[in-house]
Structure formats: C-alpha cells, structure tokens
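Two complexes are shown next, each including chain A; its partner changes from chain B in the first to chain C in the second.
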Partner chain A sequence: MAKGGLDAQARQGYTLIAPPFLYALLILAAPLLTILTYSFLTDGYLEVVRDFTWANYVQVWTDPIVRTVMLRSLMVSALVTLVTVLLAFPVAYYVSFLVRPEKKSLWLFLITIPFWTSYLIRVFLWKVILGYNGVINSSLTGLGIIDEPLTFILYNVNSIVITLAHAYAPFAILPIFVALEKIDRSLLEAGRDLGESRAMTFWRVTLPLAMPGVLAAVLIVFIPTIGDYVTPELIGGGKIPMIANLIQVQMLALDNRPLGSALAVTAMAIVALVSIVFLLINRRFLKVRS
Partner chain B sequence: MKGQGRGLQVYALLYLLFLYAPIILLPLFAFNSGTIIAFPLQGFTTDWFAQMWANATLRTALTNSLIIAVSASILATCLGIFAARASTRFEFPGKGGMMGFILLPMVLPEIIVAMSLLVVLLGAGVELSILTVILGHVLICMPYAIAILSTAFSSLDKSLEEAAYDLGETKWSAFRLVTLPLVMPGIISSLLISFTISLDEFIIAFFLAGNQPTLPTYIFSQLRFPKQIPMIMALGTVLVALSIVLLALGEYFRRRGNARMGGNPTGGFL
Partner chain C sequence: MTDDRKPMIECRGVHKHYGDYHALRGIDLTIRAGEFFSLLGPSGCGKTTLLRTIAGFEDISDGAILIDQKRMDEVPANKRPTNMVFQSYAIFPHLTVAQNVAFGLRRDPRGKAEKAALVEEALAMVGLRGYGNRAAHALSGGQRQRVALARALILKPKVLLLDEPLSALDRKMREQMQVELIKLQRQVGITFVLVTHDQEEALVMSDRIAVMFEGEIAQLDGPEALYARPANRRVADFIGVMNFLPAQILGEAGGTVTVEVPGLGIVELPDRQVSRANPDDAGPTIGFRPETMTLVGPAQTHSQPRETSATIDEVVYYGDMTYYDLRLDGAAAVDGKARPVRISMRNVFGRDVQEVGTRTRLAWSPGSLVLFR
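Up next is the complex of A and B:
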C-alpha cells in the first residue's frame, strides 16, 4: 500500500485492516462480481458462452414460476418479519424495563441459547411439533378438543412462518433491547409528570425512541429469511420453494449458471432496495432523536 | 404498574417456552424407545446413543466438522483481531466502508455466499473438499469474531500501551505483553462462538464440501429416512448439550474480560 501522503496512523490502520479486507475481497467480492458477470452471459451446453445478453433478466422478470416464487419469498419474509418483531417487542421491553439490572444478562443469555443450537434439528422438530401426527395435533385429539388434525399448520406457508419466526427470534429481540436500554428513563417520568397517561407516554415517547431498534430488527430478520434454504426444503417438503431453492435448482440441478446468477442478482437487488428504504426511514427517526 | 409487570412477565415466560420447545422435545425423543417421533412416548432406552456411537459415517462427519470448525475459528479470530484492532485504534479514510464490507456476510443470505463461491471454485477448477468449506466458514465467522473482539478492544485503556512504550517496550512486545493478555477473554469468546457457528453451519458445507460429509450435512441426509431419526435425535441432544457448555464458557470469558476492564456485564453475543 503506497500511501506516502498519509500520516502514520492511517498507514498503520491500512496495514492492519489489509488481511481481513483482502480475504473478504477474494472470497466474497470476487465471487459476487463473477455471478454478476455470469448473469449477462449466455448458457451453452455444459459451459457458459461469453455472449452479452439481457435474456436471463428478461426470463427472470417474465417467467410466471419465478414470479410466483419471488412473491412467495417476499411475502413469507415480510410475514416472518412482522410476526417476529411483534412477538419480540414485548419481551425486549420486559427485559429492558422490568427485569432487575443484574438479571438482564441472564435473560439475554437464555434468549440467545436456542439460536445457537443445531438449526437443522430445530427446523425438523418444528415439523414434528406441527405435523399431521405431530405434538400439537396428537395432544389436541388426545384431549378430545378436536376430532381432525388442524390443517392450517401442516407443511404449508404458515408452518414455514412459525419455524422461521422461532429461528430468528434473538435477531429481533437484541436490537430492540439495545434501543430501549438507551432511552433516558427521566424522559418517561417527564411524560408522566406532564399529565400523559401510561399508554400515551409509551406511544409518544418510548415507541418513537425505540424505532431505530425496531427498524434494525426488521432488516436483520428480513434479509436472511428471504434467502432461507433449509426451512422450505424440510418443512415444505420441497413443494413450496422459496427463492434460495430456485437459485440452487438453476445453478446445480439444471446447470444453468447464467439464469441462476441472474436470479441471485435480482434477489440481492430486491433485498438491497428494501434495505435502503428502511435505512432511509431509520434516518428520519434518528434525525428526530438528535 | 404491578398488573402490567405481571402480564408482561407471563408473556415473556411463555415466549421462552416457545423458544425452548424444540430443545425440550429433543431429549424426550432421544431416550424414547419408540421408532416413530410422536407422542405418546413408549419407554426409556439409550439404544439410539449406542447406535450413534457405532456409526462410522457419523464419525467421519464429526472428524471433518471438528477439523473445519477448529481451523475456521482460529483463522476467523486471527483475521478478526486485525480488523478489530484497526477499527478501534486507528482512524483512516474509507474505514467505515471497508469495515462494512468485511461485516457484510453477517446480513447477506448464506445461499448467495455459497452459490457465488461455488461458481468461482468450479470455474477455477478447484476440487471441493473440507478446505473449501473452511474458506467459506472463515468468511461468515469473521463478522461475529470482529463484533466480539471490537468490544474487547474498545474497552481497552490506550494509556496502558503508552505506558509500556515509555518503559521501553517495542510495539510488538507491548502488544504481546499488555494488550493481548487484556483482550484474551474476548479472543477465547470469539474462538468459541466461531467454533459453534462453523460446527452448525449447513448451507456452505452442503454446497462446498463435495462428497465429504460434515455433521449438519450428514444430519440433513438422514432426516429423509424415518428409521434414522431417533438416532439423529440422540445426536441432536449431544450437540445441544455441547453448544450450551461452549456458550456458557464463552459468556463466562466475555464477562470476566468485561469485569477485568471495569465494564458493566450487560450485553449479549450479538
């Protein structure tokens, strides 16, 4: 790194950050650029032909199957995000506002443990819990509450949503918790002193101040769930594919790398677009704050 | 206040139950003598654990997974130390962008990382093996390592190093004798977390391992066969117990590190 004009501090900084940065360039940036290039090339028999074309994107945007799967992925991710964040907020609120300070890290530890345990087995167990002869259905029929197994939780989009909402719970709780922890408690007292009810104080003080955390939670749940491969495969039995499954099929099973790349790039572009919109909203909230 | 607190507490406990539901069921089925994973439970048995112990493919998968997880956690932590040190100690143009790029795999869907890497490796004619899995795992463990290590490095008192320089230590010996011991708990915690992530990672291992099994890919292949599932439940029980021990250790070291530098013991793994 020939940076003669820079001061010693900057030079040291560059020297230190070089190894991890070069690693990321090599293992992440180069592959991403490759699929970006592939997405504009033509698929030949057994090889990729170096002819520039828009055809892959035209196909991605016009093929009804791709559109169905893409919309389903977006809908599932949106639902998962909504459910996860709504369920997580009261827990984050409880831990931040009502748990005694010395107990807080224990609660956070308890919340994060399930997240680190075998993802595949957790997903599979949700299938066991929700399935036709599963824990929920067999207990309910055993107790005589229902005669027929509940079908709305059977190997469908609902069961995918429940499984993913479980898998990404800590991702939602932690950012909201951090945002709530930052709230100056005297602001809440001020709200109360000025005659606001508890609900109104929550609505007009706590919630706006917690918003950056909520938006961070939305992004951090939305982005990975849209690319989830395992849950549709295991829970949906491969019958309700999401975008990740489609990319995998194009890339490997059908060996159409240009089309698979175009799918991947399109998916990333959609995710990036959604993220940017949310970051812009977040900026508004941050501005209100300062 | 009391009423509101009680309601929220009940909700939070129910939520914990929801989080732990699969983990509670796991040992129930692992020790259940019935071959079908459903209620009512049959009787107590440890056969599935014995079956698991005798399984040769599983042993290969375990060895592969351990080699991958140990290598990936060490490499990710080493690279993480560089990045965490650079970001907490030095200011330079473009720092935010470079750090953001290094942290990108944390939010990028894994399928994208796996697929793009696979395309490049196949294009370059690299043979898929556990080595290619290590390459991918280092990439996805690095952001978590950096997150943990940055906390450790940022609570470090700069004047301690300066004191060491004044006392005649070189840059490297000051780092080795003063900084390193102080951030050691962070390093251990980063190693443990990276190890746990790598051991459990499926997507990258699934696509980049070629025909080498790792624990998650082996589990995935067996989930299709109902006969094998009780054994997989036993394996899951062992894995869950193992990750809880590792995480508890990681948390212990993180807190000890915080206490050593006078920090407050709140915060989590992320």
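Up next is the complex of A and C:
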C-alpha cells in the first residue's frame, strides 16, 4: 500500500520534470554530444570525415598557440574574477551591514540596473569610454593632463578586465550579499565581546561565514568569463583572442569543426576541473552551516 | 548579606535615547563584587539595553558607567572586563566547541598546550568534558549555552553578563541550569548580572534584583524583601500573584495606619507595611499573597488572629497545590461584581480539596497585608 503510494508520487514527480528534462536534453545534451563526437572525427576539406582519430586532441594539447591562448583565457578570467569579487565584497558588505533594512531592496534593485541594457551595448559603451578618442582620453587631453591618448586602456587585457568586471559585478554582489545577510549579528558582538577589534572580528567571524557566498561568486564569474567571446572581440580589438575566439575561428572561419570541437571539449574540461576544486573547498565551508 | 563588598558596576544617572524613544531614564545602580544580580522586568522595560550599555554594545546618552571603579565612557566593548552570554548563545558555527571556547585566548601569551588544558578545564566546569572536537552546529540548546558559558568564563572576566540565557530552554532544563548557574557563580566568584523577564528565575537565582519598568528602576531589593514588601502596586503585581482589595483609610497615628477593608474588616497596619510610592491614583489598596491566608474547615481550629467567612467560587487543582478563588462576605463590588481573592493551599496528606460553592472560613493575620496608597 505504502509502496504503491510512493510509486504514484514518484510517477507524478517524473511527469512533472519530464518537459524541462526533455527540453534540456534537446538543447543542451544533444549539442554537447555532437561536439564530443566531432572532436574525435577527421577534418576533410569543407566536410567532416567519419574516421575516428585522436589527432585533434594531440594538436590541441601540443600546439603552442592553443596553449598560449588557453593560459591567457585562464589568466584573464582569473584576473576578472579576482577584481570582480574584491570590488563586489565591499558593496555587498555595505548593503548588508550599513544600509537600513527598509532600504536594502532598493539598493539591490539599483545594483541590477546595468542588466537593463543589453550586454553587447554595455561592452560597446566601454569601447566608447576607453577608446583612443574616447571619453577618458579626450577629457584628459582636453584638460591638458596628458599630451597624447593613453593606449594601455584599450585593446589589451586591462580593458577586457575592466569591461568584464563591470558586466559581472551584480553576479558577484548578490551571492556575497546573501551569505552576509545570513550571518547572525550577535556573532559579531560575541567576537567583540571576546576581546577582538572590529577588524579581527571581521577576519575571524564575518569572512569565514561569508566564504560560501564568495566562492559561489568566484564560480559564477569565472565560468562564463573564461568562455566570453564578445568582449575580447570588441574591447580586445581581436588582437588578443581568448579561447572562445579561437574556437570560433576554427569552427566558422577555418571550417575545421573537429579541431574546434576538441578545443571546446578541452576548455570545458579545464573549467569543470577548476569548478570542482572550488566546489570541494566550498563544501568544507557549507558543511559547517547545515 | 554584608554590604562591605566593593562596588563592581556603578551606573550614575544613565540615560539612553533612541531618537525620540527614551529607553533608560536615569538609572542609578551599584552592583557589588561577587554578587548575583538580576535585572527583571517586562519586555521593553530597558533591562537588555542597560545590560548592553554595560557590555559596551550601546553608547549611553547621559550619565556614567563605572566598572571596577573605572569610567567606561571611552572603553570599547572588546576592552571591557566583561563577557556576555548572549540570548541566542552566539556560538560560532564555523568552529568546533574547543575553538569556540578558545576564541578569546588568541592574544593570551600562554603556549598551545597550556591553552588546550585551559579549554578542557573550562569545558569540564560546565559539564562538557570531552566535547572539544564536536562541531558547534551539532549541539543541543542546553549544550550551546554551556559552551557560551565556558567561552566567557575562560577569560576570567570581572563581570559576566547573561542576557535571558535560559529563555530558550524547556522547563526541566531551565530549572536544572538555574541551580547549575548558582553553583557556578559561587565557584568562580565572578559578579553575574542576569537579565530576565521571568520573576521566578530572578527570585531563585539572585542575591539582589532590580525591577525595571519603562526605563526606570522601580525597586532594588533582595528576593525576600521584593516578594514580601513590594515597593509599589506594579512591582507587587509583577512579582508572583498578589490579591488587591480596595481599602479606606480611617486614620493615621503614631506610625500606624488604620484602614477599613470591605470583606476583611478594620485593620491597623504599622508603617513598614505601608507602601507610599504609588503614583497612580487607584486609591488606597490592600494587597496580600495567596499563601498567607488559610482555608479552615467548619470543625477546625486555628491560631490566626483574624477570621473571615467566604464562598468558594472556583477551584484550580495543580497536584501539589490547589488554588481557590473566594468571594469574601461583604467584599466591595467593582463594576457590579465582587472581585474574588485567590488563596493557595498545599495539598498535604489528610487535607481534602474543597468544592465550588462551599461556605468556608478564612484565617489570616494583619501582618501579611501590605497597604498601597
């Protein structure tokens, strides 16, 4: 009787998740499998030959250009993540600890305002701000502070970091804010009561308890930025490609879909590895709070 | 109780404003070293605010607080010789029990092994020997409280502040912890300041109690004095159960007040049974505790000087006790109804529980009455 009831409940559950599951299977798993399959096939001229080969992976893992671009992608997105999280933490801290409770939702609302504009437009706006004849350079030259436009702010890694850090700031602020909100304020008083200054209380109590939010922010920023295509293309001027740009070139421009697929699978594997490391670290912090 | 112990905490004209709200209205208070002191009052009376100003979590708007004869005006919470047991216990969830207890020892110059021994000793003191490696979040409410106690006491503060520490525990646990806290306080000799809204808890545990209403201290006394001679009607009503009967003052001479109480008759009360600190104009009122009067059966004799007849209105049976609501013959009617008085009788062997509607006699002595005027 009980078993039958459970089965009915399970059936109902499966029925409920079936449509989204099929949808996910169709648009997520199927392309992934296609890419995975492609990556083991041979490239013919303008077509994919159905011969199994490891050659694509051998090339990906030995080609110095791929290695340079891959390392640059990792480095740039690590830098973006670092800058974003370091800038997001004070904002989240301010909203959680210093903004009056009734004003908090207004602040969160304001933080999401950049999302009202398309990602592409925001990236393009940074080009206008940072460009050779952009807002910064023309103001500085106009004021006579510099004689010729600054070049280190556009078409290089700095500009990519600035643009992406701005674009992903809300993604980092929100999880850190949530983690900070969950901290029982009496814990901070207890830290002070037990003889620690505000700074030490922050270091010994607030920060460890905010770590799940910080690590979530790291993952949320790191994973999409490593595969970002638009910003390096527009802000980087196409001169400093990241892995996504390389994949695009192989897939479309050079029409080498097997190699492009092998690149994509490799990038995915590296991101997955980094993510797993962070998830394992996060589990240590999360275990404490359950 | 000797009063020669040196003052540990002195509050001098302490005021606290939150915007328009006047939370503390001129608190003058001296807590002596080694005392178990309670701040008692209903919620919103300012008792927790006062505790937090002593701890340094709240600034005071006016006045001064001295701890161990030093002014605390400029001393931040982390530099005060006080430690607090928080209402929520505030156990750090990311640390083990031992790490929680050792939290305040970071700048202690002693070695690691020595600190570990101190932690174990502190845990043993609160009955948690061997719990050091447990995760803090795996503890029960009672255990959390013990960790909070150990964490504060390991620092040997001059004053331990306890903010409603027992309110989250169930009744059995609470009563057990009350006794343990008293023993612990005697053992360590540290001044304890307890905030509570539970009058029973305050009476059980404290050497002295300050009863607070609306940011002011209404009475500061030992438990017995507080219970037997409440300073005003409000304190009397807050501490335990007290019956109130309207009275009429007939005369006053030679340190004695003569009053007529409908239902009890004319009584003469010496000055020490008269409370004059009643700002409300409810008129003179006689108060007495339920256990100070005795029901007497028809054939029974008693040694009390006075006797009144009454009818039993209601019987509430508690196992060890029975509460009787009585209508006194000739009692004054309030709003057209005679207000019943409540009498408690211990259910000793051989004494039957009376029934509703029974006519009975009530034996009492004028010495148990208090006049509020």
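What we mean here is this: the second predicted complex is superposed on the first by the 280 of 290 C-alpha atoms of A that agree within 3 Å, B and C clash if a C-alpha of one lies under 4 Å from a C-alpha of the other, contacts with A are read in each partner's own complex, and residues count from 1 in each chain.
Basically, a residue touches a chain if its C-beta (ideal position, glycine included) is under 8 Å from a C-beta of that chain, and two chains touch if they have at least 3 such contacts.
All values reported here derive from a predicted model rather than from experimental measurement.
By the touch criterion defined above, A:I27 lies against chain B but remains apart from chain C after alignment on the C-alpha atoms of chain A. By the document's definition of touching, neither partner reaches A:T62: not chain B, not chain C. Look at A:R257: by the touch rule set out above, it reaches chain B but stays clear of chain C.
Touch criterion met: A:L110 reaches chain B, while chain C stays clear of it. On chain A, the surface touched by chain B in one complex and the surface touched by chain C in the other have no residue in common. Considering their complex, residues 184, 186-187, 189-197, 200, 204-205, 208-209, 285, 288-290 of chain A touch chain C. The part of chain A that touches chain B in the complex is made up of residues 6, 9-10, 12-14, 16-21, 23-24, 27-32, 34-35, 38, 87, 90-91, 93-95, 98, 101, 104-105, 107-114, 116-122, 124-126, 128-129, 133-135, 138-139, 142, 166, 169-171, 174, 181, 198, 219-220, 223-224, 226-230, 234, 244, 247-248, 251-252, 257, 260-261, 264, 267-268, 271. Those residues of chain C whose C-beta lies close enough to touch chain A in the complex are 55, 57, 76-79, 82-84, 86-88, 90, 92-94, 103-104, 106-107, 135-137, 151-152, 155. Across the complex, chain B meets chain A through its residues 4-5, 8-9, 11-12, 15-16, 18-23, 25-26, 29, 36-40, 79-80, 82-83, 85-87, 89-93, 95, 98-99, 101-102, 104-105, 107-113, 115-120, 123, 135-136, 138-139, 142, 146, 196-197, 200, 202-203, 207, 216, 219-220, 223, 232-233, 236, 239-240, 243-244, 247, 251, 255, 265-270.
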